[in-house]
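After this come two complexes, each holding chain A, first together with chain B and then together with chain C.
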Partner chain A sequence: MNRVICLLSLRESAIWIFPLLCFLFAWVLLSTAPLRYYDPALTLFGVILGGLLAFRIFRDSPGVRPFLFSRAFSPSRLFTVRWLFGMGVLASVWLVVAILIGLGIRQSVQTSLFVNGWYPMIRFMELQCLFGFITASLLFYQGTAFFLTLYYFEGRRRFKGWTRVGRILLTVFSSLYVILGAVGLGAVLITTGFYDNFDNTLHPLTLSYGTVPTLVVVFAVPALVQTLLVPFAGRYCYKNQEIES
Partner chain B sequence: MNPIEFQDVCHTFGTGTDKTLAVDRLSFSVPQGSVFGLLGANGAGKTTSIRMMMGHLRPDAGTVRILGRDPMDQDESLRRRVAYISENMQLPHWMTIPETARFCARIYPAWKHDLVEILADRFHLSLKKRYDEFSKGQRRAMCILLALCQNADLLILDEPASGLDTIARRDFLSNMLEFVCDGERTVLFSSHILGDIERVVDSVAMMKSGRLLLSGELDELKEDVRKNLEDMFVDTIGRDNQQQ
Partner chain C sequence: MNDNIVPSKVPTMKPAKKRFPWALRLTLLAVVSPLFVVLASSAWETRHHGFDPLECFAGLVIPLATLAYIFIKGHWRLGLVTMLSCFVLYGFFGNNENERNDDQVKIDLRYPGPVGTEVYCNGVKIGEVPMEIRVGELKAKVPVWTAPPEQRWYVGGDVPVYTWIPWDHFIRTRYDARGILGDAEEIRRFDARSEFWWSFRYKGSTAIGCKTNNDVNSMDFDRTSFEASGALSLFFPTRYLLHDLLLAELRADSKGRKEWNPSPEWIDFTAHRGQLVDQFFEQLAPGVREIKSYDPLLNAVARKRHGLSQPATVEECERLLRDIVETEKTQSRSRFSTDHIYVYGLDSNNTAIFGESYICSDAILGRAIRQMGDACREPLLRYCREEFAKDDDYSPETHALLAVLKEYPFPEFFDEMVRFYAMQYKGFSTLTAFDDPRVVPLVATFLRQAPLFRDLSEGAKCQALLVVDNPLLEPLIRDYFARNLPEIRREENVSDLLQVFTINRLNPEKTPDRDELTRWIGKLRVKGTAKVAALEMLKTPPESDPDRIVLPIVNEDRELPWFSWQELVRRVKDAPADKEFSSIIAELLNDSDPEVVRMAIFQLAQTQRFLDEDADTEMVFRKICQEKGSWLNILVGMSNQFHLYSMETFTNHRNGRVTIQRAFQVPGSYVLVRQDNTYLSEQSPGTTIHQRIPRYFTDFFAELEKPEERLMAAPLLVYVAGPEAAALLESWKETDHKRLRAAVLSAQESHAARDAIRLHHRELFEKLHENKITPDDILPAASVFVWEGNDYVKKAVEEATQTSTDLHLHADN
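And then the complex of A and B:
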């Protein structure tokens, strides 16, 4: 049964994700600039990958929902397997990027095609770019999955009494999250701007000591919290939502 | 134990001044092995009742039991035994009939593989076409095909024949009769086409504004009032209008 849900998710997402992944892996191999701790381009790939993947997996057209939600699997199973499938895809992509960099495939391409002199010195140091890629893809995967699930849940449910209070609080927190996200993005742009202020002739991946904790607090912690909370919230929403016929 | 039991079930949509009572103290049961017709004009509460049977909507009051269990438990073993077609059901647009059959066969142990091609042939459905390449009536027929091949103990069908032409509708009805001829399976279906219902059902329930106006075995009801189903329906609704 889990296999059926995975195959359905694969069919819905593959046609969109596959071209993006080809482009991503080509970029990782061919980008001549050293990959930074929070590389803007790789982060953007993470944002698009996470958001698009969740959108394709969790968005059902209204007519398909009665079909899916009346099959022989429970809504909790449907959410859990879909969520795990998405996490599996993300983890596989992170692994492939890590392999391309860590096993020296990127180094071979860079040295043979572009005669890039930074290698092998920065080969393993470039693995730090995974931090930004992983956190960005996780944040947008969890965020999109959560908002889509919440959208269907809210759209069908009547809110009374305490649930109405809960809904208001949820809206406030969601708005705060978006605002904080925008502030965080600004912070990243400013902190990554510090790169230009360093003398990069000795080492291309020099990093301000203040940047790491900022990035961890602004991105890694929310990504981790989201990853822990979204499965519970999503399962609850799937189980209690009203399905239109 | 009756496969479907409703006991004083109520459901309201909206809150405050927008409140609409969609189902009002509805009680009825569907006997095992019967074909049960749920009748009512638009907005009578048929679809709301069916959604509650499927666990897609929680009743505000009363109890709903499907095959002896609460559908809101969303138990997978219960879901395996129930086939359902909703009023506007669609399949993923890229699915062909064999793909859909493969999808469903993996989750329904009693799936009838041999019936897929037979029914596709009877409904004149191409096995190579994708769902979005079919006409509206053919899409409906594809949903019916899936429901019948599932070989479920209970079929819940909301306006199943809407969009089908006369011949396809007749085929569907005869297939449905074949399906229940062993007396073990139960079918509940709602329809506006009274002629269809009259041809196949054993029992009927008539609803208006969420309330049950009439319920019972069709032959007995017809004998009591000496009228066909259509006249009976018009009379019952008209009498209720006068009382109000």
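And then the complex of A and C:
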């Protein structure tokens, strides 16, 4: 039973995740700059990986969902197996990245292809990049899984009167935030010259150890708490949601 | 029937309200919490300048209420939008320095003077720099002065001992009338209404507060804190006087210019006067030759000040490093700076990354660091590991430790240094100082593909490499220059780079084979003009070369002739006894032109070389004297050096009025206070009337027969110590030559005056050292200025002396 659920999840996600993983592993092997505690590119990979994986696993097309919920296994088992499958994929990716760096495969590639002088001094130091990668992928995996589950749990509700107005306003505000945020970020990047201007305060390459506790408090701890809570919340939602046939 | 069964009104079926369990609520909280943490921490950061209601509301209250709302009601969409609104609100209105209660206004006194400067407000000591105090606390501590205090020095409002800066309640409350500060007259009236008057002292020296005009006019008085650094800098009038006194003491006990025999008292006194005497050493040794000759002296002072024995022990190094780290943490100004080298095509922010080369601005501390030796290995590496691991934002202590580490690049720390650089991209010059072969491929990687470097132009990379001082990297650097210099378009840039490259390699220790470097430059594929400029540098030693004696231009078409002193000494030693000095010079210059030879001897005389009392100098001098007429050049040269200050100095001393204008050279302006000032002599830095002419000169003076020659030599005998000089002057007095007799009488008088001044200086120095007087006491009895109506007016002299004493007492209380 579990195998079937896993296969279904694999079928849904593999076609998206596989190319992403190819890019990720190639990047880990070929990126010439030292990988650091908070590596912007690797964190972005983590964000995309976590979000995409959860989206592909937990989003069901309208026809599939009633079919799944009419099977013999319980909805909570469905959620648990799906969630565990996603976590397993994530953990495997983390492990592969750690092996590439820790066992010196990246070092060999770098020294043979690029005559990179950073090695072997920074070989084990680079393992610290896993922090950002793991945190980002975990945070976005759990967040996406949770909100998708919540979305199905709340179901399609009809809004009338003031609640309808409020709903529209909320949607407009949310859209505005996203648009203005993107425009603002673009403006900041353009006015500061982004990579052309090596402003120490903005450039992600200058990182101090002082930011590490902040990153832990702001991202790692919530990610851990989510990892503990999302299975319970998800199982509850799956058990109590209404399925339209 | 059925109709009866069917109810007339079907009740409406409300959709069943979904339950929202605690697990769901908690998960929502966990998802939203990063937003809340960021907002709350930003609001918490503002606590340093007092809580602002709006900031608290947008940063803490609303987000907290939102979290509660999400948790209780489970409406996460509304919650999220509210939370994001808080970000916008906070972005617009947060961190806004609004007008606050005066009691909360912070007065920032971290910068006005050296660390340890005592801060007085209305005569009450409130702390030492660096410090901060809130106005409420200040008001509780000090009484209000209703009228402006008497000022010891006051020249047009620019040099007051008591100043209303950094803060005054009156100015704070009248900020809306700040326009009146544009007028100097109004400023004085404005000052008069101040209730808080500040003064500063450092190691017994009272400071005068120098207002920076621009800052006073543009001061924003509606602020939540006042920084003294913006509007006030401190200057210590006693500083130059102490410098003169120290120099006098040093010269009096020295032999020539190279052998200094400072007394233990001198070293002890110098070591413990802090920043009051630190600039003394910069003035003392303007040239490389002088710096080298002062090396043992400066090292002794450095060891004394920082408690290092010779050789230093591990415990001493540990203590010094701890002092460096702790002081850098608390001190307002770092003693370690980075020498930024301009990098083509980049703005000033970027130069720090590439062109860094650490410099210890505290010269004595820098020497102490170099005195530690290998004993500092264990504590230094331990401190580096600790600081590198807990570094907050490339802190001053890390900066300082990188500077120390550059002096001691212990090989075992190389890996850790590389890892630190990979994290911070700071410390390039330290990293390249390591004597590890792996540094070569590492720097090659930087140049090729490392972040920060890869986007630089080739010229900028060449510029960055100029700070590298490591023989291991020399082939790489030369190779890089050879390949990339031709790629730089602007010819001036190529020339500049090549010149700096060459200058950095003029040191014989660094480049033992100059011919090889010359050949390398010759092969470069750059324009001839750039190469010629660099090759010229290799041909001619730099001006700071102690061995160099350059002749003035005799003929425009010819190169500047020069010869080396060491080479001259060698040739004089090897020359037969009957060989004339002019022949030696001619051979040395490879030029037999009598005019050039005469110029060379004259030029030799103009240097201060013959003030040295060593065997080589005496040998050359005796050789010159063998040649009739040649040594007169030496006399002329000596006279030129000594007559500059001697006449005025001795005349003023006889009249009891020696000016001290150097005491009031205020940074940014030059204020002369000449009235009533009698004390120390006025000298150019590096020379004093206590400078001595070697005793062997007396033998040659004694052989002079002609009155004209004696006339030239008489003023110089003032500077020859010992009874022989006095006896010679006495013997020359009996002559019919009127001018000679007058010159001898004047010289005798100056000789006596010189001794008197010497005794006076010695007495002052001893009293200072024994703390019988403070540095303030060696200042002239200054006039006192009192506030009358609209301005300060000078008090009468008799009255002033009394008031001056009162002022001291007033300040001390």
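The working rule: the second predicted complex is superposed on the first by the 192 of 245 C-alpha atoms of A that agree within 3 Å, B and C clash if a C-alpha of one lies under 4 Å from a C-alpha of the other, contacts with A are read in each partner's own complex, and residues count from 1 in each chain.
In the analysis below, a contact is a pair of C-beta atoms (placed from the backbone, for glycine too) under 8 Å apart; a residue touches a chain by one contact, two chains touch by 3 or more.
Note that this is a predicted model, so its numbers are computed, not measured.
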- request: Return first, second, both or neither, reflecting whether A:S76 touches chain B, chain C, both chains, or no partner chain.
  value: first
- prompt: Is A:P34 touching the first partner chain B, the second partner chain C, both, or neither of them?
  reply: second
- request: Have a look at where A:S61 lands relative to chain B and chain C in the superposition and call it first, second, both or neither.
  value: first
Task: Could you look at A:S112 and tell me whether it touches chain B, chain C, both or neither (first, second, both, neither)?
output: neither
Message: If you tally the residues of chain A touched by each partner, is the higher count for chain B or for chain C?
response: C
- request: Under the contact definition given at the top, report the residues of chain A touching chain B in one complex and chain C in the other.
  value: none
- prompt: What residues on chain B touch chain A, complex-wise?
  reply: 13-15, 47, 50-51, 54, 56-58, 74-76, 79-80, 82, 84, 86-92, 94, 103-104, 106-108, 143, 158
- request: Would you tell me which residues of chain C are touching chain A in their complex?
  value: 15, 18-19, 21, 23-24, 26-27, 30-31, 33-34, 37-38, 41, 76-78, 80-81, 84-85, 346-347, 349-350, 352-353, 388-394, 414-415, 418-419, 422-426, 438, 440-446, 449-452, 455
Message: Quick check: in the complex, which residue numbers of chain A touch chain C?
response: 32-34, 36-37, 114-118, 121-122, 125, 139, 142-143, 146-147, 150, 153-154, 157, 166, 170, 173-174, 177, 195-200, 205-210, 214, 217-219, 222, 225-226, 229-230, 232-233, 236-237, 240
Statement: Residue set of chain A touching chain B in the complex reads 1, 3-4, 7-8, 11-12, 61-64, 66-67, 69-77, 158-160, 239, 242-245
